[in-house]
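Provided herewith is a single structure, encoded as C-alpha coordinates, for subsequent inquiry.
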(Lines give C-alpha, C1' and ligand atoms only; values in the text may rest on other atoms or scores of the structure.)
Protein backbone atom coordinates (compact mmCIF):
# COMPACT_ATOMS: atom_id res chain seq x y z
CA UNK A 1 0.00 0.00 0.00
CA UNK A 2 2.95 2.28 0.57
CA UNK A 3 4.79 4.00 -2.24
CA UNK A 4 8.58 3.85 -2.33
CA UNK A 5 11.20 5.76 -4.30
CA UNK A 6 14.95 6.20 -4.00
CA UNK A 7 16.98 9.32 -4.49
CA UNK A 8 20.60 10.23 -3.93
CA UNK A 9 21.98 13.13 -1.94
CA UNK A 10 23.56 15.51 -4.42
CA UNK A 11 26.13 18.25 -4.07
CA UNK A 12 23.28 20.71 -4.68
CA UNK A 13 21.53 19.46 -1.51
CA UNK A 14 24.40 19.81 0.91
CA UNK A 15 25.29 22.82 3.06
CA UNK A 16 28.48 24.21 4.56
CA UNK A 17 28.22 21.70 7.43
CA UNK A 18 28.42 18.89 4.86
CA UNK A 19 24.85 17.69 5.43
CA UNK A 20 21.57 18.13 3.55
CA UNK A 21 20.15 21.65 3.95
CA UNK A 22 16.64 20.85 5.18
CA UNK A 23 14.58 22.73 2.54
CA UNK A 24 16.16 20.36 -0.01
CA UNK A 25 14.43 17.41 1.69
CA UNK A 26 11.11 18.99 0.76
CA UNK A 27 12.18 19.28 -2.87
CA UNK A 28 12.86 15.53 -2.69
CA UNK A 29 9.56 14.92 -0.91
CA UNK A 30 7.72 16.87 -3.58
CA UNK A 31 9.48 14.75 -6.20
CA UNK A 32 8.29 11.60 -4.42
CA UNK A 33 4.72 12.93 -4.44
CA UNK A 34 5.07 13.62 -8.19
CA UNK A 35 6.19 10.03 -8.72
CA UNK A 36 3.32 8.75 -6.60
CA UNK A 37 0.80 10.69 -8.69
CA UNK A 38 2.42 9.45 -11.87
CA UNK A 39 3.15 5.83 -11.03
CA UNK A 40 0.46 4.92 -8.48
CA UNK A 41 -2.42 7.25 -9.21
CA UNK A 42 -1.91 7.22 -12.97
CA UNK A 43 -2.00 10.99 -13.18
CA UNK A 44 1.23 12.88 -13.87
CA UNK A 45 1.33 16.46 -12.56
CA UNK A 46 1.20 17.71 -16.17
CA UNK A 47 -2.10 15.90 -16.69
CA UNK A 48 -3.34 17.16 -13.34
CA UNK A 49 -2.57 20.72 -14.45
CA UNK A 50 -3.38 20.75 -18.12
CA UNK A 51 -6.23 18.26 -18.33
CA UNK A 52 -7.86 18.68 -14.92
CA UNK A 53 -6.82 22.30 -14.23
CA UNK A 54 -5.73 21.25 -10.74
CA UNK A 55 -2.75 21.62 -8.44
CA UNK A 56 -2.05 20.06 -5.05
CA UNK A 57 -0.55 22.69 -2.77
CA UNK A 58 0.73 21.72 0.67
CA UNK A 59 -1.34 23.15 3.52
CA UNK A 60 0.29 21.48 6.50
CA UNK A 61 3.67 19.93 7.14
CA UNK A 62 5.39 18.46 10.15
CA UNK A 63 8.77 16.82 10.21
CA UNK A 64 11.24 15.33 12.65
CA UNK A 65 14.83 15.36 11.46
CA UNK A 66 16.44 12.46 13.32
CA UNK A 67 19.83 11.85 11.73
CA UNK A 68 21.64 14.08 9.21
CA UNK A 69 22.13 12.91 5.61
CA UNK A 70 25.41 13.20 3.74
CA UNK A 71 26.52 13.67 0.15
CA UNK A 72 26.24 10.48 -1.88
CA UNK A 73 23.87 8.62 0.43
CA UNK A 74 20.88 6.87 -1.12
CA UNK A 75 17.62 7.82 0.55
CA UNK A 76 14.62 5.50 0.51
CA UNK A 77 11.50 7.61 0.66
CA UNK A 78 8.26 5.96 1.69
CA UNK A 79 4.83 7.57 1.37
CA UNK A 80 1.65 6.26 2.96
CA UNK A 81 -1.88 7.59 2.73
CA UNK A 82 -2.92 8.23 6.29
CA UNK A 83 -6.21 10.01 5.83
CA UNK A 84 -8.27 10.79 2.80
CA UNK A 85 -10.58 13.78 2.98
CA UNK A 86 -13.06 15.06 0.46
CA UNK A 87 -10.67 17.79 -0.71
CA UNK A 88 -7.42 16.80 0.95
CA UNK A 89 -5.10 13.90 1.64
CA UNK A 90 -2.70 13.33 4.54
CA UNK A 91 0.48 11.46 3.70
CA UNK A 92 2.99 10.18 6.19
CA UNK A 93 6.54 10.04 4.91
CA UNK A 94 9.82 8.55 6.03
CA UNK A 95 13.34 8.88 4.65
CA UNK A 96 15.62 5.99 5.56
CA UNK A 97 19.18 5.00 4.65
CA UNK A 98 19.83 1.27 4.78
CA UNK A 99 16.84 0.96 7.08
CA UNK A 100 17.88 3.73 9.47
CA UNK A 101 15.26 6.45 9.90
CA UNK A 102 16.71 9.84 9.02
CA UNK A 103 13.59 11.98 8.94
CA UNK A 104 9.85 11.57 8.80
CA UNK A 105 6.58 13.31 9.27
CA UNK A 106 3.35 14.09 7.58
CA UNK A 107 2.17 16.41 4.90
CA UNK A 108 -1.37 17.48 3.96
CA UNK A 109 -2.12 18.24 0.32
CA UNK A 110 -5.24 19.95 -0.93
CA UNK A 111 -6.95 19.59 -4.28
CA UNK A 112 -7.01 23.11 -5.69
CA UNK A 113 -8.65 24.49 -8.80
CA UNK A 114 -5.92 26.42 -10.60
CA UNK A 115 -8.09 29.17 -12.06
CA UNK A 116 -9.82 30.31 -8.89
CA UNK A 117 -7.24 28.91 -6.42
CA UNK A 118 -9.91 27.32 -4.30
CA UNK A 119 -10.11 23.85 -2.77
CA UNK A 120 -12.47 21.42 -4.46
CA UNK A 121 -13.29 17.72 -4.13
CA UNK A 122 -10.89 15.22 -5.68
CA UNK A 123 -11.84 13.93 -9.12
CA UNK A 124 -13.57 10.56 -8.67
CA UNK A 125 -10.87 8.36 -10.23
CA UNK A 126 -8.04 10.01 -8.26
CA UNK A 127 -10.02 9.62 -5.08
CA UNK A 128 -10.72 5.96 -5.75
CA UNK A 129 -7.04 5.24 -6.29
CA UNK A 130 -6.02 7.14 -3.18
CA UNK A 131 -8.69 5.25 -1.25
CA UNK A 132 -7.25 1.92 -2.29
CA UNK A 133 -3.82 3.08 -1.10
CA UNK A 134 -5.15 4.00 2.31
CA UNK A 135 -3.16 2.31 5.06
CA UNK A 136 -5.26 -0.16 6.99
CA UNK A 137 -7.77 -0.64 4.20
CA UNK A 138 -9.21 -4.12 4.43
CA UNK A 139 -9.15 -5.98 1.19
CA UNK A 140 -11.71 -8.54 2.31
CA UNK B 1 11.06 40.71 21.95
CA UNK B 2 10.17 39.36 18.54
CA UNK B 3 12.50 39.62 15.57
CA UNK B 4 11.16 40.94 12.28
CA UNK B 5 12.51 40.91 8.72
CA UNK B 6 11.00 41.55 5.30
CA UNK B 7 11.66 39.70 2.12
CA UNK B 8 10.12 39.78 -1.33
CA UNK B 9 8.74 36.87 -3.33
CA UNK B 10 11.08 36.38 -6.27
CA UNK B 11 10.65 34.66 -9.61
CA UNK B 12 12.98 31.94 -8.27
CA UNK B 13 10.45 31.15 -5.50
CA UNK B 14 7.38 30.70 -7.64
CA UNK B 15 6.06 27.49 -9.21
CA UNK B 16 3.99 26.65 -12.25
CA UNK B 17 0.82 27.50 -10.36
CA UNK B 18 2.14 31.06 -9.92
CA UNK B 19 2.59 30.77 -6.15
CA UNK B 20 5.56 30.18 -3.86
CA UNK B 21 6.82 26.57 -3.99
CA UNK B 22 6.75 25.67 -0.29
CA UNK B 23 10.40 24.57 0.16
CA UNK B 24 11.36 28.13 -0.81
CA UNK B 25 9.59 29.42 2.32
CA UNK B 26 12.10 27.46 4.37
CA UNK B 27 15.00 29.05 2.52
CA UNK B 28 13.44 32.40 3.53
CA UNK B 29 12.89 31.17 7.10
CA UNK B 30 16.50 30.05 7.30
CA UNK B 31 17.54 33.51 6.07
CA UNK B 32 15.45 35.09 8.83
CA UNK B 33 17.18 32.87 11.42
CA UNK B 34 20.55 33.97 10.00
CA UNK B 35 19.53 37.60 10.39
CA UNK B 36 18.32 36.94 13.94
CA UNK B 37 21.66 35.40 14.89
CA UNK B 38 23.51 38.29 13.28
CA UNK B 39 21.37 41.24 14.33
CA UNK B 40 19.85 40.14 17.64
CA UNK B 41 22.25 37.58 19.05
CA UNK B 42 25.37 39.34 17.78
CA UNK B 43 26.73 36.18 16.23
CA UNK B 44 26.73 35.83 12.45
CA UNK B 45 26.63 32.24 11.14
CA UNK B 46 30.23 32.65 9.94
CA UNK B 47 31.34 33.42 13.50
CA UNK B 48 29.23 30.56 14.79
CA UNK B 49 31.01 28.20 12.38
CA UNK B 50 34.54 29.48 12.28
CA UNK B 51 35.00 30.85 15.80
CA UNK B 52 32.73 28.55 17.80
CA UNK B 53 32.82 25.48 15.52
CA UNK B 54 29.04 25.24 15.75
CA UNK B 55 26.05 24.85 13.48
CA UNK B 56 22.32 25.00 14.26
CA UNK B 57 20.57 22.24 12.33
CA UNK B 58 16.78 22.02 12.37
CA UNK B 59 15.45 18.97 14.22
CA UNK B 60 11.73 19.65 14.13
CA UNK B 61 9.47 21.72 11.93
CA UNK B 62 5.75 22.23 11.69
CA UNK B 63 3.96 24.64 9.43
CA UNK B 64 0.47 25.63 8.42
CA UNK B 65 0.20 27.20 4.98
CA UNK B 66 -2.88 29.39 5.19
CA UNK B 67 -2.89 31.60 2.10
CA UNK B 68 -0.66 31.30 -0.97
CA UNK B 69 1.98 33.95 -1.72
CA UNK B 70 2.52 35.49 -5.13
CA UNK B 71 5.41 36.93 -7.10
CA UNK B 72 6.35 40.42 -5.96
CA UNK B 73 4.60 40.32 -2.59
CA UNK B 74 6.54 41.56 0.44
CA UNK B 75 6.52 39.06 3.28
CA UNK B 76 6.95 40.16 6.88
CA UNK B 77 8.60 37.35 8.78
CA UNK B 78 8.37 37.36 12.57
CA UNK B 79 10.38 35.07 14.83
CA UNK B 80 9.73 34.55 18.54
CA UNK B 81 11.63 32.44 21.04
CA UNK B 82 9.05 30.09 22.47
CA UNK B 83 11.19 27.77 24.54
CA UNK B 84 14.87 27.74 25.35
CA UNK B 85 16.43 24.40 26.19
CA UNK B 86 19.95 23.61 27.29
CA UNK B 87 20.94 22.49 23.78
CA UNK B 88 17.98 23.64 21.67
CA UNK B 89 15.67 26.52 20.99
CA UNK B 90 12.07 26.53 19.76
CA UNK B 91 11.09 29.44 17.55
CA UNK B 92 7.60 30.25 16.42
CA UNK B 93 7.40 31.99 13.08
CA UNK B 94 4.76 33.79 11.06
CA UNK B 95 4.79 35.14 7.51
CA UNK B 96 2.28 37.92 6.91
CA UNK B 97 1.50 40.23 3.99
CA UNK B 98 0.05 43.57 5.02
CA UNK B 99 -1.00 41.97 8.28
CA UNK B 100 -2.66 38.91 6.72
CA UNK B 101 -1.27 35.61 8.00
CA UNK B 102 0.00 33.51 5.10
CA UNK B 103 1.88 30.76 6.93
CA UNK B 104 3.19 30.06 10.38
CA UNK B 105 4.52 27.37 12.63
CA UNK B 106 7.43 26.45 14.78
CA UNK B 107 10.93 25.21 14.25
CA UNK B 108 13.35 23.62 16.72
CA UNK B 109 17.07 24.27 16.27
CA UNK B 110 19.83 22.38 18.03
CA UNK B 111 23.28 23.58 18.97
CA UNK B 112 25.63 21.13 17.23
CA UNK B 113 29.39 20.78 17.40
CA UNK B 114 30.55 20.70 13.79
CA UNK B 115 33.46 18.30 14.25
CA UNK B 116 31.63 15.47 16.00
CA UNK B 117 28.12 16.43 14.83
CA UNK B 118 26.73 16.08 18.32
CA UNK B 119 24.41 18.36 20.29
CA UNK B 120 26.02 20.41 23.02
CA UNK B 121 24.87 23.21 25.36
CA UNK B 122 24.60 26.73 23.95
CA UNK B 123 27.60 29.00 24.58
CA UNK B 124 26.78 31.15 27.63
CA UNK B 125 26.54 34.51 25.81
CA UNK B 126 24.29 33.13 23.05
CA UNK B 127 22.08 31.52 25.68
CA UNK B 128 21.81 34.74 27.67
CA UNK B 129 20.73 36.68 24.59
CA UNK B 130 18.20 34.06 23.59
CA UNK B 131 16.88 34.08 27.17
CA UNK B 132 16.27 37.78 27.06
CA UNK B 133 14.35 37.34 23.82
CA UNK B 134 12.08 34.72 25.34
CA UNK B 135 8.43 35.59 24.87
CA UNK B 136 6.74 36.32 28.18
CA UNK B 137 9.94 37.23 29.96
CA UNK B 138 9.13 39.72 32.68
CA UNK B 139 11.38 42.72 32.65
CA UNK B 140 10.47 43.83 36.15
CA UNK C 1 23.37 54.11 -16.89
CA UNK C 2 24.22 50.96 -15.03
CA UNK C 3 21.88 49.34 -12.53
CA UNK C 4 23.23 48.32 -9.14
CA UNK C 5 21.86 46.10 -6.37
CA UNK C 6 23.35 44.45 -3.30
CA UNK C 7 22.66 41.02 -1.94
CA UNK C 8 24.17 38.93 0.81
CA UNK C 9 25.52 35.39 0.55
CA UNK C 10 23.15 33.22 2.56
CA UNK C 11 23.55 29.79 4.12
CA UNK C 12 21.20 28.52 1.38
CA UNK C 13 23.73 29.59 -1.28
CA UNK C 14 26.79 27.87 0.09
CA UNK C 15 28.05 24.35 -0.67
CA UNK C 16 30.09 21.75 1.17
CA UNK C 17 33.29 23.58 0.20
CA UNK C 18 32.00 26.65 2.07
CA UNK C 19 31.58 28.78 -1.07
CA UNK C 20 28.61 29.78 -3.21
CA UNK C 21 27.31 26.89 -5.34
CA UNK C 22 27.38 28.48 -8.79
CA UNK C 23 23.72 27.93 -9.82
CA UNK C 24 22.80 30.15 -6.83
CA UNK C 25 24.60 33.08 -8.51
CA UNK C 26 22.07 32.85 -11.32
CA UNK C 27 19.18 32.99 -8.87
CA UNK C 28 20.78 36.21 -7.58
CA UNK C 29 21.33 37.46 -11.14
CA UNK C 30 17.71 36.78 -11.97
CA UNK C 31 16.73 38.72 -8.85
CA UNK C 32 18.85 41.65 -10.04
CA UNK C 33 17.10 41.53 -13.43
CA UNK C 34 13.73 41.56 -11.63
CA UNK C 35 14.81 44.65 -9.68
CA UNK C 36 16.04 46.30 -12.87
CA UNK C 37 12.67 45.74 -14.56
CA UNK C 38 10.85 47.01 -11.49
CA UNK C 39 13.01 49.96 -10.50
CA UNK C 40 14.55 51.14 -13.78
CA UNK C 41 12.12 50.04 -16.46
CA UNK C 42 9.02 50.66 -14.36
CA UNK C 43 7.60 47.25 -15.12
CA UNK C 44 7.59 44.62 -12.37
CA UNK C 45 7.64 41.00 -13.57
CA UNK C 46 4.04 40.61 -12.36
CA UNK C 47 2.95 43.45 -14.66
CA UNK C 48 5.03 41.98 -17.46
CA UNK C 49 3.22 38.67 -17.03
CA UNK C 50 -0.31 39.65 -16.16
CA UNK C 51 -0.73 42.90 -18.04
CA UNK C 52 1.53 42.33 -21.05
CA UNK C 53 1.37 38.51 -21.17
CA UNK C 54 5.15 38.43 -21.53
CA UNK C 55 8.14 36.66 -20.01
CA UNK C 56 11.86 37.22 -20.54
CA UNK C 57 13.56 33.83 -20.76
CA UNK C 58 17.35 33.63 -20.95
CA UNK C 59 18.64 32.36 -24.29
CA UNK C 60 22.38 32.79 -23.82
CA UNK C 61 24.66 33.03 -20.83
CA UNK C 62 28.39 33.24 -20.34
CA UNK C 63 30.20 33.69 -17.07
CA UNK C 64 33.69 33.79 -15.67
CA UNK C 65 33.96 32.88 -12.01
CA UNK C 66 37.08 34.67 -10.83
CA UNK C 67 37.12 34.49 -7.04
CA UNK C 68 34.87 32.37 -4.80
CA UNK C 69 32.26 34.02 -2.56
CA UNK C 70 31.72 33.10 1.07
CA UNK C 71 28.84 33.05 3.52
CA UNK C 72 27.95 36.51 4.81
CA UNK C 73 29.71 38.50 2.09
CA UNK C 74 27.81 41.38 0.51
CA UNK C 75 27.79 41.19 -3.27
CA UNK C 76 27.41 44.30 -5.41
CA UNK C 77 25.72 43.29 -8.63
CA UNK C 78 25.97 45.65 -11.59
CA UNK C 79 23.93 45.30 -14.79
CA UNK C 80 24.58 47.18 -18.01
CA UNK C 81 22.69 47.11 -21.28
CA UNK C 82 25.22 46.13 -23.87
CA UNK C 83 23.06 45.61 -26.90
CA UNK C 84 19.40 46.15 -27.56
CA UNK C 85 17.78 44.07 -30.27
CA UNK C 86 14.27 44.19 -31.61
CA UNK C 87 13.25 41.14 -29.56
CA UNK C 88 16.19 40.69 -27.22
CA UNK C 89 18.54 42.49 -24.89
CA UNK C 90 22.15 41.69 -23.94
CA UNK C 91 23.15 42.59 -20.42
CA UNK C 92 26.66 42.47 -19.05
CA UNK C 93 26.87 41.75 -15.33
CA UNK C 94 29.53 41.87 -12.65
CA UNK C 95 29.50 40.73 -9.03
CA UNK C 96 32.04 42.50 -6.84
CA UNK C 97 32.84 42.48 -3.13
CA UNK C 98 34.35 45.71 -1.87
CA UNK C 99 35.40 46.47 -5.44
CA UNK C 100 37.00 43.08 -6.11
CA UNK C 101 35.57 41.31 -9.14
CA UNK C 102 34.25 37.90 -8.18
CA UNK C 103 32.35 36.90 -11.32
CA UNK C 104 31.03 38.49 -14.44
CA UNK C 105 29.68 37.82 -17.87
CA UNK C 106 26.78 38.46 -20.13
CA UNK C 107 23.25 37.22 -20.47
CA UNK C 108 20.81 37.53 -23.36
CA UNK C 109 17.11 37.80 -22.59
CA UNK C 110 14.34 37.46 -25.12
CA UNK C 111 10.91 39.04 -25.10
CA UNK C 112 8.53 36.07 -25.24
CA UNK C 113 4.78 35.96 -25.58
CA UNK C 114 3.59 33.66 -22.81
CA UNK C 115 0.65 32.10 -24.64
CA UNK C 116 2.44 30.95 -27.78
CA UNK C 117 5.97 30.93 -26.31
CA UNK C 118 7.36 32.82 -29.25
CA UNK C 119 9.72 35.78 -29.37
CA UNK C 120 8.16 39.12 -30.21
CA UNK C 121 9.33 42.74 -30.34
CA UNK C 122 9.65 44.61 -27.04
CA UNK C 123 6.67 46.81 -26.13
CA UNK C 124 7.50 50.39 -27.14
CA UNK C 125 7.81 51.89 -23.66
CA UNK C 126 10.04 49.07 -22.38
CA UNK C 127 12.23 49.42 -25.43
CA UNK C 128 12.54 53.17 -25.00
CA UNK C 129 13.63 52.77 -21.39
CA UNK C 130 16.13 50.06 -22.25
CA UNK C 131 17.43 52.28 -25.04
CA UNK C 132 18.11 55.12 -22.64
CA UNK C 133 20.03 52.71 -20.39
CA UNK C 134 22.25 51.58 -23.23
CA UNK C 135 25.91 51.94 -22.34
CA UNK C 136 27.62 54.49 -24.52
CA UNK C 137 24.43 56.26 -25.53
CA UNK C 138 25.17 59.88 -26.32
CA UNK C 139 22.81 62.26 -24.62
CA UNK C 140 23.76 65.19 -26.81
CA UNK D 1 33.80 8.44 -25.01
CA UNK D 2 30.88 10.63 -24.03
CA UNK D 3 29.05 10.27 -20.74
CA UNK D 4 25.24 10.14 -20.75
CA UNK D 5 22.65 10.46 -18.01
CA UNK D 6 18.89 11.06 -17.95
CA UNK D 7 16.92 13.20 -15.62
CA UNK D 8 13.31 14.31 -15.47
CA UNK D 9 11.98 17.84 -15.24
CA UNK D 10 10.41 18.17 -11.79
CA UNK D 11 7.87 20.57 -10.36
CA UNK D 12 10.75 22.08 -8.36
CA UNK D 13 12.50 23.05 -11.63
CA UNK D 14 9.66 24.87 -13.30
CA UNK D 15 8.81 28.56 -13.10
CA UNK D 16 5.66 30.64 -13.41
CA UNK D 17 5.90 30.46 -17.19
CA UNK D 18 5.63 26.66 -16.95
CA UNK D 19 9.19 26.02 -18.15
CA UNK D 20 12.47 25.17 -16.43
CA UNK D 21 13.94 28.14 -14.55
CA UNK D 22 17.45 28.25 -16.03
CA UNK D 23 19.52 28.04 -12.81
CA UNK D 24 17.90 24.62 -12.26
CA UNK D 25 19.59 23.35 -15.44
CA UNK D 26 22.93 23.95 -13.75
CA UNK D 27 21.86 21.94 -10.72
CA UNK D 28 21.11 19.14 -13.20
CA UNK D 29 24.42 19.70 -14.99
CA UNK D 30 26.27 19.55 -11.69
CA UNK D 31 24.48 16.28 -10.95
CA UNK D 32 25.64 14.91 -14.30
CA UNK D 33 29.22 15.90 -13.48
CA UNK D 34 28.87 14.10 -10.12
CA UNK D 35 27.69 10.98 -11.92
CA UNK D 36 30.56 11.26 -14.39
CA UNK D 37 33.10 11.43 -11.58
CA UNK D 38 31.46 8.51 -9.84
CA UNK D 39 30.67 6.22 -12.76
CA UNK D 40 33.36 7.05 -15.33
CA UNK D 41 36.27 8.39 -13.32
CA UNK D 42 35.75 6.02 -10.39
CA UNK D 43 35.89 8.85 -7.88
CA UNK D 44 32.68 9.93 -6.15
CA UNK D 45 32.63 13.56 -4.94
CA UNK D 46 32.75 12.29 -1.35
CA UNK D 47 36.03 10.50 -2.09
CA UNK D 48 37.31 13.56 -3.92
CA UNK D 49 36.59 15.67 -0.85
CA UNK D 50 37.39 13.39 2.05
CA UNK D 51 40.20 11.27 0.64
CA UNK D 52 41.84 13.71 -1.78
CA UNK D 53 40.85 16.98 -0.06
CA UNK D 54 39.76 18.35 -3.44
CA UNK D 55 36.80 20.12 -4.99
CA UNK D 56 36.09 21.00 -8.63
CA UNK D 57 34.63 24.51 -8.76
CA UNK D 58 33.36 25.90 -12.03
CA UNK D 59 35.45 28.77 -13.39
CA UNK D 60 33.80 29.33 -16.75
CA UNK D 61 30.41 28.57 -18.19
CA UNK D 62 28.68 29.31 -21.45
CA UNK D 63 25.28 28.11 -22.52
CA UNK D 64 22.81 28.48 -25.34
CA UNK D 65 19.22 27.82 -24.39
CA UNK D 66 17.57 26.72 -27.62
CA UNK D 67 14.17 25.31 -26.73
CA UNK D 68 12.38 25.51 -23.37
CA UNK D 69 11.85 22.36 -21.28
CA UNK D 70 8.58 21.46 -19.62
CA UNK D 71 7.46 19.61 -16.51
CA UNK D 72 7.69 15.84 -16.89
CA UNK D 73 10.04 15.80 -19.88
CA UNK D 74 13.00 13.43 -19.75
CA UNK D 75 16.27 15.18 -20.51
CA UNK D 76 19.23 13.30 -21.93
CA UNK D 77 22.39 14.99 -20.74
CA UNK D 78 25.62 14.30 -22.60
CA UNK D 79 29.06 15.30 -21.36
CA UNK D 80 32.23 15.23 -23.44
CA UNK D 81 35.79 16.08 -22.46
CA UNK D 82 36.83 18.78 -24.86
CA UNK D 83 40.15 19.85 -23.41
CA UNK D 84 42.23 18.55 -20.55
CA UNK D 85 44.57 20.98 -18.85
CA UNK D 86 47.07 20.37 -16.10
CA UNK D 87 44.72 21.81 -13.48
CA UNK D 88 41.44 22.12 -15.37
CA UNK D 89 39.07 20.31 -17.69
CA UNK D 90 36.70 21.70 -20.31
CA UNK D 91 33.48 19.74 -20.79
CA UNK D 92 30.96 20.33 -23.51
CA UNK D 93 27.40 19.46 -22.59
CA UNK D 94 24.11 19.04 -24.38
CA UNK D 95 20.59 18.50 -23.07
CA UNK D 96 18.26 16.83 -25.56
CA UNK D 97 14.70 15.53 -25.46
CA UNK D 98 14.01 12.68 -27.86
CA UNK D 99 17.00 13.85 -29.87
CA UNK D 100 16.00 17.51 -30.03
CA UNK D 101 18.65 19.88 -28.69
CA UNK D 102 17.25 22.01 -25.88
CA UNK D 103 20.40 23.59 -24.49
CA UNK D 104 24.13 23.13 -24.67
CA UNK D 105 27.43 24.74 -23.97
CA UNK D 106 30.67 24.26 -22.19
CA UNK D 107 31.87 24.39 -18.63
CA UNK D 108 35.40 24.60 -17.27
CA UNK D 109 36.17 22.92 -13.94
CA UNK D 110 39.30 23.44 -11.92
CA UNK D 111 41.01 21.04 -9.55
CA UNK D 112 41.11 22.93 -6.24
CA UNK D 113 42.75 22.04 -2.95
CA UNK D 114 40.02 22.47 -0.33
CA UNK D 115 42.23 23.70 2.50
CA UNK D 116 44.01 26.53 0.70
CA UNK D 117 41.40 27.01 -2.06
CA UNK D 118 44.06 27.03 -4.73
CA UNK D 119 44.22 25.26 -8.08
CA UNK D 120 46.55 22.28 -8.28
CA UNK D 121 47.31 19.59 -10.87
CA UNK D 122 44.85 16.71 -11.21
CA UNK D 123 45.79 13.55 -9.31
CA UNK D 124 47.46 11.16 -11.77
CA UNK D 125 44.73 8.51 -11.87
CA UNK D 126 41.94 11.06 -12.37
CA UNK D 127 43.95 12.71 -15.12
CA UNK D 128 44.57 9.40 -16.87
CA UNK D 129 40.87 8.55 -16.87
CA UNK D 130 39.90 12.00 -18.13
CA UNK D 131 42.55 11.67 -20.82
CA UNK D 132 41.06 8.44 -22.07
CA UNK D 133 37.65 10.13 -22.25
CA UNK D 134 39.00 12.95 -24.38
CA UNK D 135 37.00 13.39 -27.56
CA UNK D 136 39.03 12.57 -30.61
CA UNK D 137 41.52 10.39 -28.79
CA UNK D 138 42.84 7.79 -31.16
CA UNK D 139 42.66 4.30 -29.77
CA UNK D 140 45.08 2.88 -32.28
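By written order: A, B, C and D. Residues from 1 in each chain.
Rule of thumb we're sticking to: a residue touches a chain if its C-beta (ideal position, glycine included) is under 8 Å from a C-beta of that chain, and two chains touch if they have at least 3 such contacts.
None of these values were measured; they are calculated from a predicted model.
Contact tally for B-C versus C-D: the pair with more C-beta pairs in contact is C-D. Among the remaining chains, C is positioned farthest from chain A, on the basis of C-alpha centroids. If each chain is reduced to the centroid of its CA atoms, chain C and chain D end up 24 Å from each other. Taking each chain's centre as the average of its CA atoms, chain B and chain C sit 29 Å apart. In chain D, the residues that reach two or more other chains under the touch definition are 11-12, 16, 21, 23, 27, 30, 49, 71.
Residues 16-17, 19, 21-24, 26-27, 30, 49, 55, 57-66, 68, 105, 112, 114, 117 of chain A touch chain B in their complex.
Of all the residues in chain D, the ones that touch chain B in their complex are 11-12, 14-16, 18, 21, 23, 71.
Every residue of chain D that touches chain A in the complex is listed here, in rising order: 10-12, 27, 30-31, 34, 44-46, 49, 70-72.
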